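The two complexes that follow have chain A in common; it is paired with chain B in the first and with chain C in the second.
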Partner chain A sequence: MTELTISGFNFTELLRKRLPIYHKAGGGKITLLDTPQQYHLPVTLELLRVLTTEFDSSGVYMTTMKVYSELVPILDAHEVDVSKIYFVDVVSKMYGLEPERTPRCEFVSSPINIQSIKNAVSGYLDKLTSQRRFVVFDSLTTILLYNSLPRIVQFTTDIAEHLKAQHVDAILVMMTTAKGSTNDKLIAELKPILDDRIDIPD
Partner chain B sequence: MAKKIQGNAAAKADGGPFPYVQGDVSKTGIEELDLALNGGVPKGSCVLLAGGSGVGKTILAMQWLFNGFKKFNEPGIYITTTEPVFKAVNNMRNFSFFDQTLISPLQIHMTDLRSIMQDLNIDYTKGDMSWQDVENILSIIKNLVEGMGAKRLVVDSVTAICYRLKDENLIRMFIFRLGTMLSNLNCTTMLMSEVASADQMYSPFGIEEFISDGIFKLEYINRNGTYVRSIRVVKMRGTDFDGSPHYYRITKEGYSFFSRVELKEMKDVPDVRLPTSINGLDRMLGGGLFKSTTTLLTGSSGTGKSLFGLQFLRAGLEKGERGLLLGFEEGKAQIYKNAKHCPEVDFEAFEKKGVLRVVCRFPEYLSFEEHLQLVKNEVESFKPVRVIVDSLSSLEKIFPHESLLDYTRRINYFLKWNGCTSILINADEGIFETSAITQGHLSTIPDNIILLKYVEIESSMRRFITVLKMRGSDHDKTLREYVIEKAGIHVKDSFKGIQGVFSGNVHRNVEQEEILKAFKDLSRG
Partner chain C sequence: MNFLVLLPFWAYTAKMLSTMEEVYTDGNICYVSLNKPYRILKPLLEEGNLHPERFRVIDAVTRSVMHLSTPERNCIFVSSPNAFDELQQRIVETLAKDKCRLLVFDSISSLLIYLKEEPALAYLKKISDTAEMFRCEALFTVLKENLDDSLVKRLGLIMDKTVDMTRE
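For the complex of A and B:
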């Protein structure tokens, strides 16, 4: 598998360096991954690939980006080990699809329903048996579009505390928006709970 | 077209208090529509797309959204209230403007208002939404627009929301608040309005149109049995606009407008004649037809009108002049065969050489606008010197007479403007009548009129030709007999010693001396 390099920035290499540090520290690290929209897909695919195949981690992937049925073949094609991932799909129902029930995915009605997102993520944590565990929230930017800033700050803080307590790493994916935007304000508000931050250059 | 922005824009130009950028428009990316809108929809406006089922409201809105991102880098939001997002997306897959990779939270964001309402605990199945419910929905829309910096928003449809509001006052407040809120965010909005019946002008409630900044009325127009879609800008605050109907069809590319064939006056009238090379006719015409003129060639069935056309084209082709034949009566193979037989010309070979184009269409298969478009496309792409339209009468079978006049007037100007010397063939219904040319002022349109007619003389049908009109030139006004030979038409002499040929009341000219002699013989007893 070739490494993912964006504008001279080797993302794969960076993950290989940072993720073991989290693990050595006992897990439960909260990382903000800020990526420009145009690199969002390759970045998240590479993140999931490195986590599941190179570090043998298992985890939960919450997506507001693609419907589960479409996502799985894309992950497969990118050599992501989907058997190590549980999914929380916040798109299918909002798009009017009636997805078949599957033990590997919870379908949430819309990004407004953050309580259901929280419940679904928590519900899957107990099923993760590997030593290294992760939750990827992809993306907080989308969830923020449907909720107020204070509500999302509260949601993220609560879930971060919960994950830290269980030694589960969290990667909060955000998409770069204009300076001064609500998204930007959320990043500023989350600073106290972040252990690390990765910025993909534009 | 000069851009005219009124109201607040002028205040801004004078250092006024409003945050309005002069001439700042949200382009649709559809050239004809942007022209009609004097550049585009003024940014921040709320436009009602009003129309019945199947006119293409959603397609226009989607095209506007996708063009917005692809051409102008403007993120957009599509909010559905009627069909699920996945269905709306599936319906767009075959359009070239559609690009699924752009559907993402920060580019083209698609969402279903019913899911949102469900999660906001609003019962969307009932028609009793409260003001608080409306406020909650507006708050989500504001969050979405602000959060992604959206510049375009589509609500498909506003009618479905209005049906769920308790009363007209709430409908008024909802649209007003939505429009004001989005205008402040400099986001341009298109609201779909489902017009179910003819008594509903722009919306079922009759309120939406007063609150909106603009109205686009989309409809099907029945043109003598053929249906064509039209869009008309009824209202557009803040800009000058063209309020006439624009006709379109929906193709793989989305909205495809029929280009207008405008009535434009000739700037330069060439004093050059193009010979017809029809034996004897050029002498009648003073040397041929003037370049960039239109000739109406009219006559009864079997008088050889099409043959005149073929010979006229042949004369040009042999000199290397491009010829175009628009045939509405016969197919290409039949025309090739006819031409080979008489006037003995191989049209197929000329077409292969690229100097001739024969375009045949069943007139019924095209709408009025498509017929105009056909002439425009062929002339602009092929640039012919000589053009034959065979025939106007076959178009009259499918258009009302007024449309035929409009068609003839428009192509007359268009062909002349493009330097074409054209013959428009027209068939008289009867054998002896010439009513068609005087009907509805058809005769006032062309520069020249040539009439072909039958006359019965001594129990045989003979044909004659006369030049009724030739603008800017003297011409032979006699009625001349012509015959059709293997090589084509041969115009001969006038009918000597015979009167009443034109009227059909034919009798011999009797000389005065013969009459005197007859009287003398009688008196002698």
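For the complex of A and C:
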């Protein structure tokens, strides 16, 4: 697999150096991954590939960007080890799809139901047996489309505390398409809970 | 006339739909959705007795999430919520073709995820002018919890009237 380089910046190498899961087996670190929208998909695919294939970790991936049925073939093609991932699909049901039930994916009715998202993530955490566990929230920007800012701040803070207590690493993906005001406000509000931040250049 | 409608999170959709139902009893409505897919919006319109056939929906969220196999009647899909030029073009086409009485822009809150205040205000002014050009009233919705007072005031300067529905 070729390493992902964006504008001369080697993202794969940066992940290998920076991901807290790599540094500390103890875990419980919250990282904000801030990416311009045009790189969102390749960045996310590479993140999941490095986590599952190179670091041999397993985790939960919350998706608001693609429905589960379309996502899995894309991940497979990118050599992501999907057998190490449980999915929380927040969009299929909202878009009127009736997905087939699978033990690998929880279909939440809509991104407004943040309590259901929390419950689904927590439920899967108990099933992860790996020493290195992760949760990727992809993306907070999209969740913000459907919720108020105070609700998202509360949701993220609550879940971050829960993950820290369980020593699970979390990667919060944000998209800074045009660095909108509300996105900036959310990043500022989340600062106290973040252990690290990775910014992908435009 | 253009209106800024401040809505609360918990009754956002219900209050917005009831406003449309009470005030706009006839004519076509161009509904620009930056946060609700058409498949969610359509049943909501039906429940609210709003006659979906009156609506020309411009859906800016569905196409970025899933492959669309079948076109929807009365709905145009835009590639993403931040495809601003494409969105503007579809609004012009719709207003020109369907002689809409009302343009609903849902929502300023979604726009502010992608744009900072200055470009967001400029974009909203452009949409508002477009509606006026087609003699169409415009209703811009916003989630009050996401705004500070200074932005509400600045939005008020480009709107004819502000309706605060969070106090009811």
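As a working rule, the second predicted complex is superposed on the first by the 193 of 202 C-alpha atoms of A that agree within 3 Å, B and C clash if a C-alpha of one lies under 4 Å from a C-alpha of the other, contacts with A are read in each partner's own complex, and residues count from 1 in each chain.
Here is the rule we go by: contacts are C-beta pairs under 8 Å (C-beta built on N, C-alpha and C of every residue); 3 or more make two chains touch, one makes a residue touch a chain.
The model shown is predicted, which means the values in this text are computed figures rather than measured ones.
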Side-by-side fit of chain B and chain C on chain A, or clash: clash
Chain B versus chain C as contact partner of A:Thr182, first or second or both or neither: both
First (chain B), second (chain C), both or neither touched by A:Arg151: second
Contacts of A:Asn113 with chain B and chain C, given as first, second, both or neither: first
Which superposed partner A:Thr141 touches (first chain B, second chain C, both, neither): both
First (chain B), second (chain C), both or neither touched by A:Tyr95: both
Touched partner set for A:Met65, first chain B, second chain C, both or neither: both
First, second, both or neither for A:Leu194, with chain B first and chain C second: neither
Footprint overlap on chain A, comparing chain B with chain C: 37, 64-65, 94-97, 110, 141, 144-148, 177-178, 181-183
Residue ranges of chain A touching chain B (in the complex, touch as defined): 37, 40, 64-65, 93-97, 109-110, 112-113, 139, 141-142, 144-148, 175, 177-178, 181-183
Contacting residues of chain A [partner chain C, same complex]: 37, 64-67, 70, 91, 94-97, 110, 141, 144-151, 177-184
Sites on chain C touched by chain A in the complex: 9, 34-35, 37, 39-40, 61-62, 64-67, 80-82, 109-117, 119-120, 143, 145-146, 151
Sites on chain B touched by chain A in the complex: 83-87, 89, 104-107, 109-112, 115-116, 118-120, 140, 143-144, 146-149
